[in-house]
Amino acid sequence: MDFPNTTQIALRQDGPWLHLTLNRPESRNAMSRQMVEELLGVADALESRRDIRGVIIRGAGGHFCAGGDIKDMAEARAKAATEGLPAWQRFNRVFGTLLQRYDALPQVTIAVLEGAVMGGGFGLACISDVAIAHQDAQFAMPETSLGILPAQIAPFVVNRIGFTQARRLTLLGSRISGSEARDLGLVHFAEASAEAIDARLADVLKQLRRCAPNANANTKRLLHLTRQIPLTQALDEAAVMFSQAVTGAEGSEGTLAFVQKRPATWAAD
Amino acid sequence: MDFPNTTQIALRQDGPWLHLTLNRPESRNAMSRQMVEELLGVADALESRRDIRGVIIRGAGGHFCAGGDIKDMAEARAKAATEGLPAWQRFNRVFGTLLQRYDALPQVTIAVLEGAVMGGGFGLACISDVAIAHQDAQFAMPETSLGILPAQIAPFVVNRIGFTQARRLTLLGSRISGSEARDLGLVHFAEASAEAIDARLADVLKQLRRCAPNANANTKRLLHLTRQIPLTQALDEAAVMFSQAVTGAEGSEGTLAFVQKRPATWAAD
Amino acid sequence: MDFPNTTQIALRQDGPWLHLTLNRPESRNAMSRQMVEELLGVADALESRRDIRGVIIRGAGGHFCAGGDIKDMAEARAKAATEGLPAWQRFNRVFGTLLQRYDALPQVTIAVLEGAVMGGGFGLACISDVAIAHQDAQFAMPETSLGILPAQIAPFVVNRIGFTQARRLTLLGSRISGSEARDLGLVHFAEASAEAIDARLADVLKQLRRCAPNANANTKRLLHLTRQIPLTQALDEAAVMFSQAVTGAEGSEGTLAFVQKRPATWAAD
């Protein structure tokens, strides 16, 4: 399945990597409804595009994403005037769907987080497999200072950094730096410069290339499963997944390559 | 609803803030049954007192709370001699109820943690929305060294710092400092002096004032919900809460204030 | 119940402590099926051996455990050729059973982690009550680089360090040091030398000696319960456990020793 045509995000494929750039720099990549629809279209494609092994998500113009779009809010308000609360519910819920879809992509997702990482941008940071921040990036959930809630974001924040940190950040609207975000476990790396971010990203992709794509997709699925079902059941399911992996094409090639002391096919440059 | 008359805790209202001080300095604010009853009475009032937006909980005389009260234990032992195990069960369970009630208060709770933060005091620290410790405060759960269990506390400790840290601290009875407590995510801030604690508290209250009270209460409710129901259901519920917030008084005022570049009514000094 | 005779692990009892050493230094203590069976036999004994209060788990020859055994994999492959996928499922699942059993031992388990802590060794580190690493130990889950999954390990890794760190480490196969493992909360201590590890272990055992054995076993059971049942139910159960502890032999002795300002019987050297 081909990627859709998009205007608010930019797509660039580089071998097994898809570079996905939020591309509304004039509004610090505020997440418009149009952008959400385009991201959902990309997710549709990614679910079948197993030639893509990693997705690098970042923002154009020095910011990741400044949150929701104010103009959209005004339009939604007009629409809700006639349609009532359900219009607002749909408006809000679609963003949770977006986070659920990207959280569960078969690819490994890598977020590069610079400048503003606010509201919806904060939520998007929370569902990446690997998060690399600039140490001076600014993370915040300012929703309750506007009289509204970080509604679709909050559950992903709790999953990401735990209840204790989530309650402080959501209830005070505190702004934290990339370094603090690393200390809280929100991101994995905080880097001092754009060059250091590039070097870190290159290293992450180098490591990722060594890992078999289907094994990774299934491991990611297993990690999600682990959070949803009791431990014994997860272990039973894991044993089934292991038996399929070890007897499948990747398991055979991986074992053989190991014995022959050569890189596996998926690891070759 | 007015606050009850209390003798073992001191209450002082300062605008939207309630200062609640555990006030038995002669026993390092050991948590007597009387104190527990008074705290429950305050919780009854707080649940209806939406003019109060934040509750600052601390101890008198340089300690937060040294744990359970030894005299109460002796009385309970006498009572249990005639009434049997159920008397002990009630004695113990009420403290869990206290923690559940304070964990879920509609207000934002801020714990200031100095000196001894032991046993029940440790539990109380674990349910605050924001925790500010002195770097030299002493945190411990010494229960198993007395042949008993940190029974009502343990579940809140697991929720607070995770299973891995909880097993070490409960099974060794280890004493940790405020700085270590921050590194474990038990508290959000560890400060070097009483002055630094005051400055941190002032900054927290300044941030809190900017956040709309009902939006905060609902966000806190959503965070709790997130831990109790599956993700998809939490997101559906969050969308309903969002629709109510955005169309309610706070949501209207917050958006308007943002457009008009002025503080919202709740944020004005 | 006596401990079984073992050839791939070494056992040494020292008063209330059992020293359990993975003992295949020629293969960096790779976890063979034989070793798994021996460890399960030791668990059978430990569940009835309440004279043992702590179990110290380490590896012989400077490494903890380098993961699964390659020869076993070859044998399993041969067997599965005739028996099909269920043979692989049993092969894999038994390791999860081992982790479940050791996670739930009534004794406090202390892992000493040096050199390679890979694959299955990483899993074993994740179920210890107290983990002491050499700062230069090497932790990794390289499974997906071999085309297979960290199947039985993944759920314990999520429980240990959370979803966010688990997804990075499993999907990149990243190697981290003992110091990084401490920063992620995978281990409790990272030490600079073998001497510092010995000193830390001695201090942990000194603290552990002060804690009553049955109170500790029941607290550990309660911590596990907390993760499996809703909070209110866990608190009800905790109150029952408290009533039994406080009226039992340890609770009586502990209170008396406290009043008499002497060490409790279990704390005496």
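So that you can tell them apart, the chains are marked A, B and C in the order they are listed, and the count of residues begins at 1 in each.
Just so we're on the same page, a residue touches a chain if its C-beta (ideal position, glycine included) is under 8 Å from a C-beta of that chain, and two chains touch if they have at least 3 such contacts.
As the structure is a prediction and not an experimental result, all values here were calculated from the model.
J.: Through what angle, to the nearest 5 degrees, does subunit B rotate to match subunit C on its C-alpha atoms?
T.: For the C-alpha superposition of subunit B onto subunit C, the angle is 120 degrees.
J.: Can we say the copies subunit A and subunit C touch using the same residue numbers, with more than half in common, or are the two sides different?
T.: Different; most numbers are used by only one of subunit A and subunit C.
J.: Hey, how far is the Cα centre of subunit A from the one of subunit C, in Å?
T.: 33
J.: Indicate the residues of subunit B shared as contacts by at least two other chains.
T.: 159, 162
J.: Going by the contact rule at the top, pick out the subunit C residues touching subunit A in the complex.
T.: 73, 77, 80, 85-86, 88-90, 92-93, 96-97, 100, 143-152, 154-155, 158-159, 162-168, 170-174, 184, 228
J.: Please output the residues of subunit A touching subunit C within their complex, sorted ascending.
T.: Contact set of subunit A toward subunit C: 108, 129-130, 159-162, 185-186, 188, 204, 207-208, 210-212, 215-216, 218-220, 222-223, 226-227, 230-232, 234-236, 238-255, 258, 264, 267.
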